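These notes open a run of structures that come right after.
Same chain, two partners: chain A is paired with chain B first, then with chain C.
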Partner chain A sequence: MSVTRVTASMAAPANRVSKPSGERLPFNTTSFQKKTRSKLLSIPGTRPSVQNGQLLVSTGVTSLDYLLGGGLAVGTVLLIEEDRYDSYSRMILKYFLAEGVVCRHELFVAAAQDNPTDILQELPDPILDDVAIHKPVEQPRLSCEPHDSLDAMKIAWRYQNLPKVQSALASSSRFGHYYDVSKTMEPEIRQAAKCHPFYLPEHPTQSSPTHSPMLESYSALLKSLEDVIHREGFDVATPMSNSRNILRIGLHSLGSALWGDDLCCHDNPRHGHALATFLYGLRALLRSSLAVAVVTVPSHLIQNRALMGSITRLCDNAIALESFKGSERETNPLYKDYHGLLHVRQVPHLNCLVSQLPDHKDLAFKLKRKQFSIERLHLPPDLSETVSRVSRGELAGATMVASACGSGTSGNKHLDF
Partner chain B sequence: MFTELNSILNTSPDSFTQGEFILVSDRQSDASFLIHHFLSFYLRARCKVCFVGLVQSYSHYSAVSQRLGVSLAQAKEKGQLIFLEGLKESLSILNPQEADTGSQAMDFLRDPAVGLRSLYEFVRSGLSSSDGGEDEWGPPVLLVDDLSVLLSLGVSVGAALDFSHYCRATVCSQKQGNVVMLARCDGEEDEEDDGDDEGEGSERLLKGLSHQCSLALQVRGLPTGYCRDIHGQVEVCWRRRQADGQHTQKKLFQYKVHDKGASFFARGTSSAVL
Partner chain C sequence: MLPELLQGTDAGGFLIIQDSVNYSGRHLLWSFINAALNREEAVHVLGFEVSEEELKDGLKGSHIQRLHFHDAYTDPLGWTDQPAFTVHQFCLEKLTHLIKQTSQHKPATLVIDSLSWILRHRCPPDVCKTLQQLKKGGAVRVIIGLLHADMHQRGIVGSVCHLASSVITVAPGMKGDEAVAKTTKRSKSGKVMQEEAIFCIKEDLTVVVQSKPSHLGSRQTDPEEQETDPTANLTFNLRLSDTERKAKEKLALPFVFSKEKKSALLHSGPGSGRILYEPDANDDYDQEDPDDDLDV
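Entry: the complex of A and B
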């Protein structure tokens, strides 16, 4: 290593004779090297936080990234309290995994209900101008000779001479990608990602003789996670420095009965501390590795609110989804633009005193035709004089009065002229 | 170390009351910034500090202390600070390897029914500096962040209260040192009617600890709701035993946490309002 550096420094002045000698100095002295930023920063699909320098990854949902202060910090856990039918929480989980596929991170998917491979087959399709780069077929050709792919551009011959900038755009300047939830990801993109599935029914769990409060299913999951992290070199302590990658961990519906947990069935569950102990172990594991986890929990099934509070506190981020589906709010004109409410339960405290608080806590989400997004529930008054705005305001006011009186929301429709 | 809090509590690193049991509690808010305050306070006061960090990694505490102007690494090197990183210790117990190397301090994870005796032994042996370090460092101080996570891990309320009582007896009474413990609770104060519910554990722990403590700092969110400029309110409650009974004195402040400290002000006098 040092030999090559010396030859490089010898070659440099030979090539450029006119170079001032002061600039050559860093090349020759070993103790006076240019200060490079941490090599963690060179992992694709990550960026450092502006607040505390934490390494962040995108959740795949741009608005959720914004809400979490730029993204998910590596080494933390995001808890998603599932909505009633687990449709939107599952979607966020799929977004998170799809972002990992596009960024070429490794995945670890664990589920007890559906096979993880089924979850992977439902990943949303990325909307990428540079999607070709990540296709495994074209990847090696692009990296070695970029002219080859330009020749292949038959129709758009006019753009042949344009510089190829898309790959840089995807890796550094733009954070996170956009996805089309109406389509599923193409299989060849999906299969390029390395995935470690954990499907509980197929996984042998041995009953442990100890009095540990953890369930066998959770111990097996934690063991399997630790194995993957050590084997694949996601441990921060491992000296492997050539290529670091991020492990994205998606754990679906923890705490449900299928995991063998009775958290959802009883007011006073026998294994009440199993999930909390698992999350404690998960936090311990993640804090020392290049991994980030998203955990969904069917919180509406858990009767004991205090248990849910202790589970929330053992995760770093926690959000709760409250879908309007099946509730009377679905027909309420006040909420007609949205599909549900989003509550921020917890924001992370990481390496800094002050936590990244959101600007406001009235948030709602909606699923557009192709995209899931999170918005402010109450928009600030816009001052343009449009008829629709006036009617909307009256409508909202009328609904509030109507719901306050306990009557239904029928009869308000005629106000919308 | 927050100087504003020091003037409220009428202490400074040069002169502070010894033998105090300080309870930091929060309810639907986050009081962990006060733990960082006390950690940097006692390190500056040249006390021998034992820190039981159960919820965060060492690097987190170290990074925050760095911002508050105290180096944990140096303090550890000099022998002033004894740090128990609960997360790190727990991993070898939760995932048993062939060579069982975990320390004994987190033994309760193997079987929560055993209790916290091993954790207390760790604290006691850590603070009883046998190698003649008594003159080098001041009175011993124990900091626990946080006690209620033990309940989440299956430890009973009685065991946690026993632990705190033993620590108080050893550190506060015998050695004239101080104890700071954080307990978190997320229920409302008035919903304590149903009896032996599992969720009442943190509530009962908080009650037991506030019975033991001599100074309580109770942090909670604003009763009027979330605000970006005021992070919550803290109630400072002194309990002093004197000849003519017990005196309690309460003061209420609102606070805002900054990047490198926190400001405390009387209610309604936030700079965002005035």
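Entry: the complex of A and C
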């Protein structure tokens, strides 16, 4: 018997809510039916997740996609804690927006410091015919090849053909594009994308007489976002049409003083929960729409760690960038190849209790001309099952047997080397 | 980097001189005023902490006629009937009006002495907003502000400095009139440059940068450490002569095979295969019901 899922797994919540209502087909139909994904999923620039089938979009940074489990799930929020001088966090935001332009998604850019149109003008140039960029893993070679120098390391011959360990994070299949940071995107490409800018100083904020925990700037932003989502049909509830698209939302430096928020200024800010309230609203809005948001927050200025924690909890993904610029780590030889460290603060829990954790916690990033790459800071130890080691379960079993039978041969087996 | 900032080669921006109780940044601020006056620019000073007489006395010999002093020193909070300038007038409209009144031709330099006074009496987000508007607006070319960093919470200092394009942190130097300036400059492209320099300010308010001590002290110690060679006085031989090396290389190690044998062992032949798999749009990953045998 076959159960066909009628509803599409589109955005995160819609999928789960409507799942139990999947209709069972009449008994007489054949049980052999190819399950195919709905046509709705064929939005350019998206793909279903390998793990849980969530619809993903690329962040524009290939290794960040890998880190987040393939990409950003549609309907979620990615929080980026800015580095001290906001150079790399701004870069990631620009990658995210540029990827949207290339995939012909719609953009919503909000900022209080710089005009969003200025941010859009700085988008990096996409490398569209980038065949040479993504090289396969270097072919293994024997170390005794004629061009090898005398002081090449001699290792046991069995290991000579093992592929080199790749420290850069990358998945096997391509998703997202590469960009050339040294050039800006051509205006024709840029203008082809539909963009909704929100520049706070130019935006009239009506002071509401009612006492609300949210600041006027934030409520104006949320209102404007809501308008765009409803007007442009990014709502999941709107009737299905063939031309569904994704809205990419980039919110720059939220929580800084220019948004009228004193979160950064005091230990006990007057509007302490304004940003958290906004993020709560944003998340609720995104859960029912074909939109995905990247929010940057100057967390190094926020004095109150508890508030920062609640802000992190209200986003699905959270990463923090720690630039070496200006810190004593800049001169540390360990970090000489990198521009900063990347901390994963939170990974999304989408329709599940446990989430997929990144396999490595010590991550560093570097910004190259054609790539923002996130790499493992150290080579990871070999934890694969082929390594000769006694697993904990076996060990526990062994001691149990040994204690039961005194000094029997069965216990001895595990103690042999 | 300090001389370039003094010369004002940049197109504009917002410069903060951060000082503390150990070393006053006011002399450096006056040097900036002096340099701007010498470039024949109009300079507007919002003076909260120093009277007009003292400032003009300090700037003796400069082109004072282009200096416009807005007196917030005598009555900063507007307690009398006729205040010249108060803290509460620190907003975009008032300031542009003030600046436009006197210097119509060229964008002027606005000097705030000091930002700490304003931050004490106004709420920081408003101050930041005004500063950002001034920076973006056309009336002012450069804003130079003095900030007593030890008077405020770290977050406020951080928020204000976050807006600045350049921050100069001054601290006392080793010798009498020397001081150390740590300059951080952010270019528009997002590049950050940092420099540390020892400087002193002369009588006529010119700044002499004496040296760039960027980690000179630490570097001097390094060669000494390297000079001590632990392999110098050994009772055994660690080095190989050329003949010894040749003899060593001639020796074939056990289990070292010829290249052909190795490749035969390591490379799998043409008969073996490997699975290449790319996920496809029509692939179905269903964790709940892999066999399709449950009534989900």
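Odds and ends about this structure:
The criterion applied here is as follows: the second predicted complex is superposed on the first by the 297 of 417 C-alpha atoms of A that agree within 3 Å, B and C clash if a C-alpha of one lies under 4 Å from a C-alpha of the other, contacts with A are read in each partner's own complex, and residues count from 1 in each chain.
We adopt the following convention: a residue touches a chain if its C-beta (ideal position, glycine included) is under 8 Å from a C-beta of that chain, and two chains touch if they have at least 3 such contacts.
These numbers were taken from a predicted model, which means no experiment stands behind them.
Within the superposed three-chain model, A:P298 lies in touch with chain C and out of touch with chain B [touch as defined at top]. When the shared chain is aligned, no partner comes close enough to touch A:R190: not chain B, not chain C.
With both structures placed on the common chain, the touch criterion links A:S87 to chain C but leaves chain B unconnected.
Contacts of A:H252 after superposition: neither chain B nor chain C is touched.
Contact with chain B, but none with chain C, is seen for A:L307 once the two complexes are overlaid on the shared chain.
Once the two complexes are overlaid on the shared chain, A:H177 sits clear of chain B and of chain C alike. Of the two partner chains, chain C is the only one that A:V50 touches; chain B does not reach it. The interface of chain A with chain B overlaps its interface with chain C at residues 52, 267. Listing the residues of chain A that touch chain B in their complex gives 52, 210-214, 219, 222-223, 226, 267-269, 272-273, 276-277, 280-281, 283-285, 287-288, 304-307, 309-314, 349-355, 357, 359-361. On chain A, the positions that touch chain C within their shared complex are 1-3, 22, 24, 34-37, 41-42, 47-53, 85-87, 90-91, 113, 142, 144, 150, 154, 156-158, 160-161, 172-173, 201, 256-262, 264-267, 298, 300-303, 325-326, 331. On the side of chain C, the complex with chain A involves touching residues 123-125, 128-129, 132-133, 136, 153-156, 158-160, 162-163, 184, 186, 190-192, 194, 215, 249, 253, 255-257, 259, 262-263, 265-267, 278-279, 281-282, 284-287, 289, 292-293, 295-296.
Partner chain A is touched in their complex by these residues of chain B: 30, 32-33, 36, 55-57, 59-60, 63-64, 67-68, 87-88, 90-91, 94-96, 109-113, 148-149, 151-154, 184, 186-187, 197-202, 226, 228, 231, 257-262.
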